[in-house]
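Here chain A shows up in two complexes: once beside chain B, once beside chain C.
And then the complex of A and B:
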């Protein structure tokens, strides 16, 4: 049963579009799956390897801009951005890794935060390449209907899930967790911590970048404030994983469902709609206090709490 | 043949000389005891050999190859493993996973790593605790886990930093047994220890440090009769 769970969930998701869902619901589903991908990617670096990044928008944005610039300047299909983003995002990740991975703990987090902001400002000002704040718009999207976008992002999610699982159960996974638990001990056990942190960062960046390239194709419009956003990308990425469950396979998926729905629900509340960051902040505080391992990570604890709730 | 050679090693922290011009060698298959009062520089010596601190002066050779200046993971790959005085288990991993993580140094597949890890924890008497999350282990077993983890990297030389401190007499006997069996496997050992009885019983040679200087070097018997050592080390213990 447990082993079949990923298959069952992927199967269920795959038949969902056949139900004839409205365009709005398809959009929500696509966002949930896209955020799961970003969450799983962040989890590799932040959850398993213990290097908390506050700058994943950097990779998301570079992925999105790879697709956008290819379309805008080279007049190629923006879909080429998906394979090509792997190259560009890896290069950016190696540079960021070289700068930031010598920093530990909170200093690494601050370093990545700064880099995310630097890339946003750069994209805003390199108007010759990125069109700056005007952004890049696809003259026409590949499909009007959302079904194919759904299957493409679902395929990306399945690949990411399998990749993460294979990585975590291999030598790499053990090395990542060893580095998270104690970098000095890991180093003295023969683990080249600098190398493996760079590997974790690059893998994490590539999957995030793929999600970014998909976003360009799907949404048809990007600008620096959207794809390099600190709040709406970098912080939400962390929240997806924190809420769902750090270093768990299903945490990012659960977190993505909650975060996307929460954002939608809050948006419909009159007057309070614009304050969704406030609600995210409150949610994060509650999660950190009561479920520090996230919903999936603290599932036994959560079940216990709910049972007490019923009895009382 | 000298397995490890320390040649004129000094290590400064700012103006403080933690080690001054230390030289000694460890023969293949021997147990070398490193003793000295608190703050003598024993752990610093380990950190220099293991690569955490490059020596400010002097060199360290392992099997005739210079290792000073290399990174800890490179030195570990060459065959020197260590334990920590303040134990550093990978806290949120099970005992078995801790040892698997270090067994991966010499093997690629998870199956092989697990075989080595199981062998190693059997050897160190942790088999019953293999699924315990190491955060919850009592100190005695954490010290054993440190040894198991170091052994799983299949070293030729093992640096043991106070692997006996804080153990009860039963655990102490057991650990001495483990160390003797490690020696039987042909692994060279350098050990820091405060239990004089233990160090005198198991060491082939002893090096005494005091205030970062080498005070004496010799067999346990010679060290026990050396007036300088008695004054600096044992004498202090008597007056306490």
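And then the complex of A and C:
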């Protein structure tokens, strides 16, 4: 049962479009799956390797801009951005890793945060390449219907899930966890921590970049403030993982469902729409204080709490 | 170099130094918190934003001069800092979690809530406090008629700079000469040893967080006569404070002052010679350069030299 669970969920998701859901619900589903891809990617670096990144918008943005610039300057289909973003995002990740991975813990977090801001400002100012604040817009979308977008992002999610699972269950995954638990001890056992942290960062970045390239194709419009956003991309990425469950396979998925639905629900309440950051912030504070490992990570704790509630 | 170019350069350096003095005050608050509590306060800029709104409200409803509002905003921020530390951050420090950076993420959450509440109350419009001395300046030619170049010194900038100096000096006095200050420094150096010496470490942490918030709050009051105000301004100042602490060396007060001045000068140089939009990039170039070439911060350079002798 446990082993078949990923298959069952992927299968269920695959038949969902056949139900004839409205365009709005398809959009929500696509967003949920896209965010779980980003969450899984972040989890690889943050949850397993212990390197908390506050700048995943950097990779997301580079992926999106790879697709956008290809379309805008090279007049290719923006879908070419998906394979090509792997190359560009890896290069960016290696540079960022070279600079930031010499920092530890919270300093790494802030270093990546700064890099995210640098890339945003750069994208705003390099108007010759990125069109600056005007952004890049696709003149025509590939499909009007959302079904194919759904299947593409679902395929991406399945690939990410399998890749993360394979990595974590291999030797590499044990290295990552060893680095998270104690970097000095890992180093003294002969693990080249710098190398493996760079590997974790690059892998995480590549999947985030792929999600970014998909976003460009799906939404059809990007500008630096959207794709390099600190709160709406980087912090939400962290929240998806924190709420769902740090260092769990299903955490990012659960987190993505909660975050996307929460955002949509708050947006529909009149007057409260502007306050969605407050709700996100309060949710983040509550989760950190009461369920520091997220809903999936602290499932035993949650069950215990509920059982006590029932008994009393 | 023609005299015009020289004029621009000198003027840039002057405004850079004045800006740097204010940056130093923001940086000191962060470096204090970082030194004593070993956590990074990512809500630092948002706390400053709160102080700026307090000053703004005091100015627009009661016509209190922004400089005087330091006396109200700084204690208010001290209280806010103490509450945050006592009821949110301290409990999280005790929680066991997979990711050790939980407190940092917590401060992000606090910052988000503060910024968003400010947006709801004050809307996201740009606000200013139109004080009558805002555009006043002293010109070099007024004092030296035959001067070949013309330089000006903006009055609010200079006043802010001087107040920042006074606050920094009194903080230095507090940290080095008083009992409380010594306890804070002891806690920063070695928490366990301080505990054994009878220092109430818990109380020092709460107090330091309050003090750091009060410092950045007064920096906010000094900024408001010369800067505009909007709810999302906090984020950029958090980053500035962080860059300063990295540049100056973690937990070093003198380093924060030096780092602040360097950052101010460099930023105003990039703004003049590369364009306003690039100023934030200049800021982070310095940050990256500091990480690669002087990872221990500027103060570590001095220490090494002393050891060499």
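Everything that follows uses one rule, which is that the second predicted complex is superposed on the first by the 310 of 312 C-alpha atoms of A that agree within 3 Å, B and C clash if a C-alpha of one lies under 4 Å from a C-alpha of the other, contacts with A are read in each partner's own complex, and residues count from 1 in each chain.
Quick note on the criterion: a residue touches a chain if its C-beta (ideal position, glycine included) is under 8 Å from a C-beta of that chain, and two chains touch if they have at least 3 such contacts.
What you are looking at is a predicted structure, and each value in this text was computed from that prediction instead of being measured.
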{"item": "Partner chain(s) touched by A:302 [first = chain B, second = chain C, both, neither]", "value": "neither"}
{"item": "First (chain B), second (chain C), both or neither touched by A:219", "value": "neither"}
{"item": "Which of chain B and chain C A:175 touches, first, second, both or neither", "value": "first"}
{"item": "More chain A residues in contact [chain B versus chain C]", "value": "C"}
{"item": "Which superposed partner A:16 touches (first chain B, second chain C, both, neither)", "value": "neither"}
{"item": "Which of chain B and chain C A:106 touches, first, second, both or neither", "value": "second"}
{"item": "Partner chain(s) touched by A:167 [first = chain B, second = chain C, both, neither]", "value": "neither"}
{"item": "First, second, both or neither for A:125, with chain B first and chain C second", "value": "second"}
{"item": "Chain B versus chain C as contact partner of A:193, first or second or both or neither", "value": "first"}
{"item": "Residues of chain A that lie at the interface with chain B and also at the interface with chain C", "value": "none"}
{"item": "Interface residues, chain A side, partner chain B - complex", "value": "169-171, 174-175, 177-178, 181-182, 184-193"}
{"item": "Of all residues in chain A, those that touch chain C in their complex", "value": "46-47, 50, 52, 54, 99-100, 102-103, 105-107, 109-111, 113-115, 117-118, 121-122, 124-125, 180, 230-231, 235, 238, 242, 246-247, 274-278, 280-282, 284-285, 288-289, 292-293, 297"}
{"item": "Chain A-touching residues of chain B, taken from the complex the two chains share", "value": "50, 52, 71-74, 76-77, 81-82, 84, 88-93, 97, 100-102, 104-105, 108, 110, 113, 149-150, 153"}
{"item": "Contact footprint of chain A on chain C as seen in their complex", "value": "39-40, 42, 88, 91-92, 95-102, 104-106, 108-113, 115-117, 119-120, 235, 239, 242-243, 246, 275, 277-278, 280-281, 284, 287-288, 291-292, 295"}
